[in-house]
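Below, chain A partners chain B and then partners chain C, in two separate complexes.
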Partner chain A sequence: MELILIPIIAGVLAALAGKQSRWVALAGSLVSLGITLFWLAGFRYGASFQYVFDKAWFSQGIHFRTGVDGISMVLLLLTNILVPVILLSALRNDKRNAATLFALIVGMQGALNGVFLALDGLMFYIFWELALIPVYFICALWGEGNAFRTTLKFFIYTFIGSLAMLASLIFLYSRTPDPSSFGYEALLAVNLNHTEAIWVGAGILLAFAVKIPMLPLHSWQPDTYSEAPAQGSMLLSGIMLKMGLYGLIRWFFPLVPEALNVFGPVLIASGVIGVLYGALIAIRQNDMKRLVAFSSLSHVGLIAAGIATVSVEGMQGAVLQMFTHGVNVVGLFLAIEVIQSRAMTRNLDALGGIAKQAPVFAVFFLLLVLGTTAVPFTNGFPGELLLLKATFGYKAVWGILAGITIILCAVYMLRMYQFSMLGKPSGGIYLFPDLRWNEWMAFGILALLVLWTGLFPQYLLDLCGPAIQKTMKGILDSTGVVS
Partner chain B sequence: MRSLLLIFLGAIAILFAGLGKKEIRMLPWAIALLLGALVFIPMDWIANEQPDWVNHIVPYFMMVFDRSALAFMAVIIIAAMLVLGLFGQREITGSDQLGLILFSLCGALILCSFTHMVMLFLGIEALSIPLFVLAGSRKKDLRSNEAAIKYFLMGAFSTAIFLMGCAFVYGGTGTLDLSVMQRVIPGSAAMGGMTGLAKTGVVLLMTGLCFKIAAVPFHFWSPDVYEGSPNRTTLFMATVVKIASFSAFFRLFNFAFSSPLAHGNWSFVLAILAAATILVGNIGALAQRNLKRTMAYSSIAHAGYMLLAILANPLESFWALIVYSLAYAGSSAVVFYILNKVQEKKGNTEFESFNGFGRANRWLGILLILALFSMAGIPVTAGFAGKFLLFSAAFTGFKWLVIVALLGSAISIAYYFRVFRHAFLTEADGDIIKPEWQDSVFLAIAATVLLLIGIWPALITGLQLFELH
Partner chain C sequence: MMQNLALIILSPLAGFLITGLIGKRLPEKVTGWLGSLAVLVSFVLSISVFNQIAANPAGMHQKLFTFLSVGSLQIDFALQADRLTALMMLVVTGIGFLIHVYSIAYMHGDAGFYKFFAYLNLFVFNMLVLIMGANFLMLFFGWEGVGLCSYLLIGFWYENAEYGKAARKAFVMNRIGDLGLLLGLFLIIFEFGSLDYHTVFEAAARGDHNLGVITAICILLFVGAMGKSAQIPLYTWLPDAMAGPTPVSALIHAATMVTAGIYLVVRCNTLYHFAPVAQELILYVGIATSILAALIGLKQNDIKKVLAYSTVSQLGLMFVALGCGAYTAAMFHLTTHAFFKALLFLGSGSVIHGMGGEQDIRRMGALKASMPLTFWTFLIGTLAIAGFPFMSGFFSKDEILAEVFVHNKVVWALAVGSALLTSIYMLRLFFVTFLGSFRGTDEQKHHLHESPWMMTVPLAILAILSIGGGLLNLPEIVGGGMAHTLKHWLEPVTGKPAGEHAISHGTELALMGVAVAMLLGAWLYTRNKYQSKGVVPEADEAQEGTGRLLSHKFYVDEVYDAAIVQPVNTTGEILYEQADRKGIDRIVNALGNLWVWLGGLYKKVQNGNLEYYLIFMVAGLILIVGFNLFR
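Let's turn to the complex of A and B:
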């Protein structure tokens, strides 16, 4: 409750605060981070939901019900660490109407927390939609190029997906025993036959697949990422996509386990094809933002495939990799923003030799690149290993195909780093000042996370382990019932 | 009853007291009158005359002010208050228009509370006749004249069809009283079924009411009439008239023709009309270049969504319809207010006239976004709560229709956001609009309604329609 309300109130205050809005927003998001850490400290390892808040909302069947288990704890942690970092990196922003920008970012934090905390179907839907609104405004109002058209495409894509999910949820709701309820457990307890499960599942999956995005519903993504302002890209790729992946674990598979034999293979195929497709296109990109967008498509495909194997390694790897990918991709977009704000371009052809002028920046950027390429002892490695193991265990072919990503990822990431940072200074880059204090702090936090997750992945794995085992047991038990 | 009498007597008083004065000077009295009428509603709610609809025991009156009537009356009075409060006309002399609006409102209140077909007919007439005049109240404007003629012809036409329906139903059931009718119409085919006369009558009544709410295929008049009428009249038609017609629709079809057999006879036809209304309204709105016409089409689409409430189980859909009506009234009021102000500055309501509006007017811009979001049904606005409640009430019986409605909402995003693009994402400098303080009050009321119900719909849905014994 407080995790949802405090950022939203901070957002409203920030919108009214004028010049001081950045500090109001930052304070709000830090308070929220503090609460998250406090909850983490008091978190009892186990599969049950903790810190439950429950109050009747729309009616007796629709509650405002929040709670945390290991899986949502990881994502809350991710959200509440990344939003302050994003705000920090934007502190010196002098864009038009900056106050509104800060307000929207911190408001978004509240909506995202709501998504990860929701234990009621309708509440989940409401926050799912609500999270879309700030990011839509951020992209539409401060975007570059043809931002309105791109963001409208993005909005309509996701809105149609969400409406399909709403239809599915209402269907499940109408099947719950009287008095009908949208409660998480009540929806889970609904037994569907195979055909119904496919239809209901397709509706829910549409919402998640658009947001993740899974092939072939990804076409909004590269344009939106590249035309959005840096903060928009960070929010979208760092946290918002995780909503879809989280939805797969928390809602999709548990709600329609009856159709696992249909959706499992489809998701794995689409995920692995996405891995290769994203990676191959990323190699050819010269626009750094588009490059990172496609690399993100590739990484997220692997996570989705890992979840769809419904194995402990797959799901644990997925949760870990969600955290990792969030940190890395925000770092990369931040690095791109640093380059673009100084060199006025993010085209790889026009860049080069930045490392000599900004050595601190170069070190941080390299660390993030290595993390993304999954070099051992950085954060990308453990998650990717688990995910590949799970995919391989599911079917060796898929595992091998997905494994190519490690090579391809190294190719495009190192190519990006080499072309932009190393070599001779080219074009108009004569003066590239090194990091300012706020950027320094943002990169510092991200770098610590890269190393910490790389060295001690077991902490996050233990955190989400029991909850994942419970979720998996639920899924496999009900598939057993049907077959 | 007290509210209705108060408004009727007050309307006469205002009509005469306003002779030769500026209309704006009589406006506070009209608002006070509505406020007074609104105060009676909670009082009547507590001490309500309570016909037991469930067991079909209804006192033999022509009107009953039960709780379902009171709820609709409250919504309609609030909607009328927004219409009057937001459109203070400085230049008009004489309070004839004000009087006409209040008389029309009396008709609307009758439509909430009738239990007899004669009363329903009187209500429709009392509602419509002042509107024919109001639609043509800009005498020198050709479009306004056109609107008046069109509205009059269509109104007369639909009234005739409606009366024919009454006659057939009387022939088929032998009564014009709703509660008797409900007992006379058999519950199942085994009990003899409905006579052909009654069936025809029901279809004709449905047609007559569909004219009033502008449901497809009886909607052709509405974009032209909406565009041609003065803004205040358009808003009144779009909110008060539409909501009142829906309350009549709801009462007639869910109380008089609610037996399973009768429901089976008319529900499928109405479901098809609803689907067509949603699709035509939304797709038609996409093609418009003018905000006022867009709103006309969007109001057709909204009528389509509201028809879901007539089809669903009435106990579930009643509050859904109330919430939806409130949301619709609040958001329409805000959009029409802004549209009116822009029209005063620029002379038209083409989308281009809204360029830069949001940049120039921060608060009105935020309000506009809120209203558009509510119309599009995006969460934490009242529009979402209403849509959700409607859709989930209709879902058990009409899955395909709910899916059509969801599709319709997805399409609507495109044209609502077009307004947003012109208002916020164009480089032009918009005119700065300073709302009068009284306008700000009513805008704040509308915004509060939209947000409060959006965040906490149980405020409304938690009310008890029947006293629990």
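Let's turn to the complex of A and C:
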């Protein structure tokens, strides 16, 4: 509960705080991180929900109920580490109405925490929508180019998905035994026949698939990422799209296990095709943000496919990779922001030779590129290994196709690094100051995470392991498959 | 003594961190020696491990921590050392140290001096992880790690865009191989339930596993080896990798990293034993690569390119040995090749250093007088690789040829052809570079000088090893009681394959005679052409017919570009422009516009300002939540 309220209150205070807004926001965000770490320290390894807050709300059936298990713990960590990093990196931002910007970012942290904490269907839906609001304003008001139109498209896109999810949840609610309830366990206990499961599942999946995004529902993404301000791109790609992936594990598959035989193959196919589709397009992009957008499409495709295999490796790998992808993609967008704010462009054709002017930045950027490319000893490797193994184990041909990503990813990532950082400095690059202290700190934290997760992935895997096994058992038991 | 194993990899890692983080502020000499010292420590510790393993063939094992444990699969971060590893450790750290020292002088004055040593240390660390890992995932760690260092070092002079391109090509091509390796690893997990060497090989040795799967595993692992050890079709990155500083070419692209593929196959010999089809594949790929690269080497005029193609060709020869199941012969040649090829590359570095950066042998000549030590050591290296009697290459190459002779006469004939070509291009290189008349500019002539001691001492040491390296594994007819030392050393790893050395001493002598006669012929031919007649090789543009085909490397790069690179790029563009922008996105927008049109009918009722809606929605939500929660 405090993880939701404190950032939101900090957001309100920050909005009123004028010039000191950035510090208020950062402080609120850090308090939230502190609580998360405190929870983590007291976390008992196991599959049960902990730190449960439960209060009857509208009626007996609708509760304000929150709690943490290993899966949500990983995502809470991700959220509460990344938002302070995003704030930190933006500290010197002096765009118009910056106070509101900082307020929205920290407020978003509260909404995101709510999504990952919710143990009640209606609450989940509410936070799911609530999280959309700050990011909508961030992108629309501080974006560039066609930002307003693009963001509207994004908004409508996801909103339609959300409504479909709401309909599905209400249907499930209506099927719970009297007194009806939106409680997580109650919804899980509902038995559906195959047809119902497909319809209900399709509704929920629409919301998640748009957010992740899964092919072919991704077309809001490249435009939104490239026209949003850096902070918007980071929030969207780093944390928000994890809502969809988290939703798959926590809500989608457990709610409609009856239709696993339909949705499993569809999601794997869509995921793996997305892996290749995103990667092939990323190879030819010159706008760095667009390049990262398609690369992200490629990476989350693999995560989704891994989840859909409903195997231990796939699901644990997915949770690990959500954390990793969040760290890396925020780092990449931060690097792009550093470049754009100094060189006034992020077009690869116009860049080059930055490494010579900004060697410290070059090292951090390289580390993030390597993490994304899943080089061993960096964070991308263990997750990708598990996900590819799971996909390969599901069906060898999907694994091989998805495996091509390790080649293509090297192509586009190294190309991006080469054309922006290496080579001879071009025109405007001669005046490229190296990192400022706040950027240095933000990159430093991300770099530590890249190396830490790369060397000791077992920490996060242990954290989510029991919860994943319980979830898997729940899904497979209901499908009649003996695990 | 157990902690020795971890210390061996930690020392270069510490070297990497120190040189990388504070090397910039230290004087060059300090940074350089710190980096070298880090590798020397590993070398000394490796000797200690080597001695222990001599007494205890079972080897050592050390688990550091659990890297991954998911479901039934557990993978440890664990190190091991057995006889195979111990041999590789000495090669890697020993030659590694010499090259570090050499680099202190060679890289003198470079703006990225500290970075160079940091990368070099990082490379040694990763290479040690590769050979000391106790399971396939550790191998993969090192495998990709050395690939990364190779990328960083090929593109070391990063302001040159061409070098950057070569670096990326190397990384991407290696990744193609890595995909094969990774899939091989997955199959191993599914078949054996583990990636641990001990578990896998023990289970495989029982011989009750699906042979089809084992064959698939072996072929996939070999795909990985093709990438790292530059075999057809994944060899074209290695010649381009010569863009890196010369010590890098010596260490990474000749002596150590590129032999990782050989190591992998020897390591998995238990698996290959059950996969004759995979062995045949290795044999044919090896011989084809060996011949192709040797042919291209005949017409290259860049001193380092000649050596690069020579490396590809020699690696091919090692794979030929592996294809025959002659693991000792392969490891023997790997070791002697590490000596003489490192020597040749460092020698070429000395030449380039003396010539002020010149790499084209057509502008060299008559360097004997001004660079005597480089001259003599280069001569030793040339003779060693060409198989001059009783030098290291003579014995190791002969052993491979003898093994192939038993195994497959046609491949043997081809391998002899490849050996002949090797003698010719190496002697051509030697004569054109060091003898004849000087063809450089006056400025270069003035600049010519012998290299400093930090460069020549490593040359001298490697020259001694190149001469005497044959002692490691003498054939019976020469060594008598001292013969086959390496073979006996490796037996705990490779077992005692039946049928090895099934040829008589008479045949063996005859085979040696053929080799010596060929070398003599090559000597007379090249000496006559390049020294006596003073012929200068034509420029690439002036080549015609076959020569043109060779100097353009059979146009393989061009074919790859047209057959793979361009189609991938075009696919990316078409997907983006046609499928994504004009396809999916347009459909989505059309759907959106449909609603806008419908919505227009209601326009008069609503004001259409989304922000107001949102603000009302939030306010309402907060009110509802708050009211219900705290009533």
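Note that the second predicted complex is superposed on the first by the 480 of 483 C-alpha atoms of A that agree within 3 Å, B and C clash if a C-alpha of one lies under 4 Å from a C-alpha of the other, contacts with A are read in each partner's own complex, and residues count from 1 in each chain.
Criterion: contacts are C-beta pairs under 8 Å (C-beta built on N, C-alpha and C of every residue); 3 or more make two chains touch, one makes a residue touch a chain.
Bear in mind that the values here come from a model prediction, so they are computed numbers and not experimental data.
**Student:** Tell me the contact category for A:Leu461 with respect to chain B and chain C: first, second, both or neither.
**Tutor:** In the superposition, A:Leu461 contacts chain C only.
**Student:** Mind working out whether A:Trp57 is in touch with chain B, chain C, both or neither, as first, second, both or neither?
**Tutor:** both
**Student:** Which partner does A:Val360 contact after superposing on A: first (chain B), second (chain C), both, neither?
**Tutor:** neither
**Student:** State whether A:Phe377 touches chain B only (first), chain C only (second), both chains, or neither.
**Tutor:** second
**Student:** Identify the partner contact of A:Leu448: answer first if only chain B is touched, second if only chain C is, both if each is, neither if none is.
**Tutor:** neither
**Student:** Let me test your reading of the model: by the given contact rule, A:Pro216 touches which partner, first (chain B), second (chain C), both or neither?
**Tutor:** After superposition on chain A, A:Pro216 lies in contact with chain C alone.
**Student:** Does the superposition put A:Ala167 against chain B (first), chain C (second), both, or neither?
**Tutor:** first
**Student:** Counting residues of chain A touched by each partner, does chain B or chain C come out ahead?
**Tutor:** On the superposition, C touches more of the residues of chain A.
**Student:** In the superposed arrangement, which partner chain does A:Ile406 touch: chain B (first), chain C (second), both, or neither?
**Tutor:** After superposition on chain A, A:Ile406 lies in contact with chain C alone.
**Student:** In the superposed arrangement, which partner chain does A:Ile283 touch: chain B (first), chain C (second), both, or neither?
**Tutor:** Touch partner of A:Ile283: chain C, not chain B.
**Student:** Would you please give the residues of chain A that touch chain B in one complex and also touch chain C in the other complex?
**Tutor:** In the superposed arrangement, which is not itself an observed complex, chain A uses residues 57-58, 126, 129-130, 133, 152, 155-156 for both chain B and chain C.
**Student:** So in the complex, the part of chain A that touches chain C is made up of which residues?
**Tutor:** It comes out as residues 55, 57-58, 64, 126, 129-130, 133, 136-137, 152-153, 155-157, 216, 218-220, 222, 277, 280-285, 311-313, 316-317, 353, 355-356, 370, 375-377, 381-382, 385-386, 388-389, 392-393, 399-400, 403-404, 406-408, 410-411, 414-415, 418, 421-424, 456-458, 461-462, 465.
**Student:** For a test of understanding, state which residues of chain B touch chain A in their complex under the given definition.
**Tutor:** Residue positions touching the partner: 373, 378-380, 384-385, 388-389, 391-392, 395-396, 399, 402-403, 406-407, 409-410, 413-414, 417, 420-421, 424-425, 456-458, 461-462.
**Student:** Of all residues in chain A, which touch chain B in the complex?
**Tutor:** 56-59, 122, 125-127, 129-130, 133, 140-141, 147-148, 152, 155-156, 159-160, 163-164, 166-167, 170-171, 173-174
**Student:** Would you pull the chain C residues touching chain A in the complex into a rising list?
**Tutor:** 65-71, 73, 137, 140-141, 144-145, 148, 151, 155, 158-161, 164-165, 168, 171-172, 175-176, 178-179, 182-183, 186, 189-190, 568-569, 571-573, 575-576, 579-580, 584-585, 588-589, 592, 595, 610-611, 614, 617-618, 621, 625, 628-629
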